[in-house]
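In structure tokens below, several structures.
Next come two complexes built around subunit A: one with subunit B, the other with subunit C.
Take a look at the complex of A and B:
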């Protein structure tokens, strides 16, 4: 059913790791992924982005559990599916490209065997030769010489390995590919090649991508929309151009300021302090301890999501909050927001 | 004579044609030479920052390990304040050299001993280099170094062990430990790449402030052109173990001459550029350092390669002033 433009919808999602101590690693995340878009998910280590992916792929560790909220995948209650159903959806509907291809590829099985393994598992009636032909054409698609179907991971360069991982993720034409820092282990030049590859494949095959990284400058170059995570929450989400020109949450602005530019010499400050411990998250707004614009209210009440432009630029910050709590007016030039707190 | 005296005031460290060949065992028990660093020359001005940029495997980390005398070089010469540094140092000469040339490592999690409190780790250089006499002086020096890197009040940190500090604080301790020896040159190997992005800038800013306040010289090794641009006043671009372009930062970035430098610059994600990253002008990846190409090491990937590039290795040529490039396009 490709009627709705939304492929994946997370509603008020919380994930807890049961301890002791219990840690709420993802807290009240509402986020959607539209068909055919690249959604960037940015955040520092420990902000909960890996946990969120764990929930989306149903690959949370044993002590991790979705304790609140729901995930709807193409209209289906994703968390309600049983293990067998989830297995059928893996590769065919959702696939994952992880950060370190070296650790994800099996070192003692050839690349081709790993690609065909997924094909034969899901389509057991595929003739053997056809499966291998598909593996070759998948490699060709990501611009790896098809003769490498018989190569082992260690015989490929870092960039080629990551391409092979992408080929594998696309083997069964999934609707959603989750990419967890797919280029962090690579050099900028190889990174640019892979990013270009992902973009052109995605434009051709129209799958959706969740692209996870801590590199804001990379996301601002490739994502259609970007969600910013901090301490387990999505604090801002908006289109690439909105975040590039009108980033609103102080954390987002600080994060963008944390990247020096090659082409402009200017002083950059970064963000004071360090991300909080998730065992005892701060009261009120979780960013208040590091925020240079904090108000009295920030340490007491947790801010709610606010849609600033009525079309999805959402911010969780008292600066744009309910006027009943704070005396600060929204920034000049901004609408009052639609009032819906989605 | 006069000239060299003047130079020793303006040049902190100079290296000429540094070489490092690692012997690696290949198949059938044949050892091959892996040329990690090939004939690299560099000059670090007194009180200035040289940024060394390149992809992983370009030899940049090996280069500063050679300069730090952590691994022996297979060729080349080194001068500190224009005094030659012998290739093999006696133990006492090595200690004297290490006092003057300190290193900041990439990973603050493994660069500090997890067993000891911060105070102990900062006292070690003072004791080893015999820089203080008496407990009071030692205490003062430790406190001062912590405060210099922004860990104030020092008393809050002295008795902490590394695991009680955040990554950014740990890296500041590593910087304080390098500073406390009162070095002239600091070799920093990707000092911010293991840190969370939001705290990288504050560490870069600490390095910059210290350099200005104390008149230190740095060699700052990074794969991130943007942070090199931020901190360094001179750049050295490395490819496959050799320097391919160098000069004042603004010249190298704004008027990049070498096709490889231009490739690097085009690949850097830059939000203000508005157009998404395009397809890089070249395919392929850096060469195997044990089987370097003939001629220019970059020619297999170079969009402007000529017949000559396959045969003849290019030598550095001046573009203008201090800006130089090793490429046949320039004569």
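Take a look at the complex of A and C:
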């Protein structure tokens, strides 16, 4: 086990859902997760967030496949492990909290049984009673009455169910907890409580979190670093404060402006247009059709990642490209898409 | 509650139906009895069954219910002077042995096969089993049963031609079981073969739907053993609609099973019903139908109890 500060490293990762039609849902994603940080992953729905998580957990649907790139988890080639090894790593190293706790809990077996089965699967020598004691204290930890080990999903409120899911995710003290829109299904008040709970647990137990959402304002309040996804690509990564104050990619800026802020009285500006088709992604930069600052080059050449400050504020946009590329003129006959309205 | 109402409805229908039949059942009976049975018995029967013409319908109905409560279903004409209740008491165990066993076996095997087929979707078993059993389930039952009887029992002599036991009297003594199973095997087989496909296909579909659920994804993410995911997560949920289907079809199963008994001369309720009809034995007919109705209700009730055990969501209601 290495002691590098990086827990998880994705390099140039691409995922395709084989069709017809084939969908390249994740395209050339390079991203890392540091130990003990909350990495936010934001983007409109359909941009490939869940697919990226599928690749990370190695739980893609049958027609989905990592076609390119590598994932290194704690120094180990994650995609090279066989199913058996992956099963051993699951929940002990990486666990999952998903959007709908109602649907993610088995309706016919008790909460306690669903917590303990993970414990017994990975620590088979644990005595029964100890497993159940642990389930109780896990529930206590997320402020759910421990007697609910005997409850079923339908007997709990939405907030309690999501807390139970979090308790379950922490049962084996994983290094990384992936949360896919964990609060989307909850009302605002409960959402705030759950966010608070996640934050305080994370500060105490120091696990890493990938927090997926389409709610940028939420990330600006919880994440240490934020990655912005657009049409299967990560277009910008940076710390929370960088993204808050120096967001660079036109899409990121649009996202930040698209939610109303109580303090700045900003109005909902939004980003004109709709996300592009993932079956036939636009040529060049995938955002060029909706971009207000697009240049001739944008519809022709795909921009490359560029580290703006040398310490990880990375942007994929021609505005910040080498001057050599920015000045290039579109090749004849290849810039059809550029003239279209957005 | 529901079962109380249903039971009452069954009892009442059983009272009304014979009275709706053309002609007066009492007169038909009297005509048939003349000279065969002593008049005293006829009177007793008339009173016992509330067919006394000097009473109003309501009074007859009251008398009928009182008789029922005492377990008095009248006296069989076919098996005179045996009381109907006694005739039924002799037939019922055989029906239970054959029908209940064959149906449960069919349900269990079909369900299990559905689980396995869905879990290994597209595998060898999945591409063979559903096809075969859909095919066998499409056989017209009567035809299939007769063919089996003709070839396997009559021609080949591997199975008995009829009855549920060797000799004149069946008994459930332990030493008799090999013989009982030997007699049950062929009729049971025809039931299983023609009904298993339905369970298999519906369970397979339920499983496939269930396997797309988030909690299955979650169970995989937890790194649980495949076996546990397959049974405790997928099958445990997928079987619920199958149980409902089972409860709904108990009526059909029983009526189909009556046919089995008739084809195989199996001395259960179906066979008794046939005897009753052929001999215009109204008391026996009524009693048999009533018992079948009650049995179907009871079976439904048991399935319901089991369902409640399997699905916590219906428990606190």
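One rule holds in what follows: the second predicted complex is superposed on the first by the 320 of 342 C-alpha atoms of A that agree within 3 Å, B and C clash if a C-alpha of one lies under 4 Å from a C-alpha of the other, contacts with A are read in each partner's own complex, and residues count from 1 in each chain.
Basically, contacts are C-beta pairs under 8 Å (C-beta built on N, C-alpha and C of every residue); 3 or more make two chains touch, one makes a residue touch a chain.
Remember, it's a predicted structure, so these values are computed and weren't measured experimentally.
Q: Kindly classify A:44 by the partners it touches after superposition: subunit B alone (first), subunit C alone (second), both, or neither?
A: first
Q: Would you sort A:199 into first (subunit B), second (subunit C), both or neither based on which partner it touches?
A: first
Q: Output check: A:275 vs subunit B and subunit C. Expected answer is one of first, second, both, neither. What do you get?
A: The answer is first: A:275 touches subunit B but not subunit C.
Q: Output check: A:118 vs subunit B and subunit C. Expected answer is one of first, second, both, neither. What do you get?
A: So A:118 only meets subunit C here.
Q: Regarding the shared-chain residue A:96, is it in contact with subunit B (first), subunit C (second), both, or neither?
A: Only subunit C is touched by A:96; subunit B is not.
Q: Could you figure out whether subunit B or subunit C reaches more residues of subunit A?
A: B
Q: By the touch definition at the top of the document, which applies to A:74: first (subunit B), second (subunit C), both, or neither?
A: neither
Q: Given the touch rule stated above, what does A:133 touch, subunit B (first), subunit C (second), both, or neither?
A: Neither partner.
Q: Contact-wise, after the overlay, does A:224 reach subunit B, subunit C, both or neither (first, second, both, neither)?
A: neither
Q: Looking at the complex, which residues from subunit A come into contact with subunit C?
A: Listed in rising order, the residues of subunit A that touch subunit C are 57, 59, 86-92, 95-96, 98, 100, 103-110, 117-118, 121-122, 152, 154-155.
Q: For the complex, which residues does subunit A have touching subunit B?
A: 44-45, 143, 157-160, 187-193, 195-196, 199, 214-218, 220-222, 244, 251, 254-265, 268-275, 290
Q: Within their complex, state which residues of subunit C touch subunit A.
A: 213-215, 217-225, 228, 232-233, 236-237, 240, 310-313, 316
Q: Once bound in the complex, which stretches of subunit B touch subunit A?
A: 55-56, 166-169, 196-202, 204-205, 223, 225-227, 229-230, 250, 253, 263-273, 276-280, 282-283, 285-286
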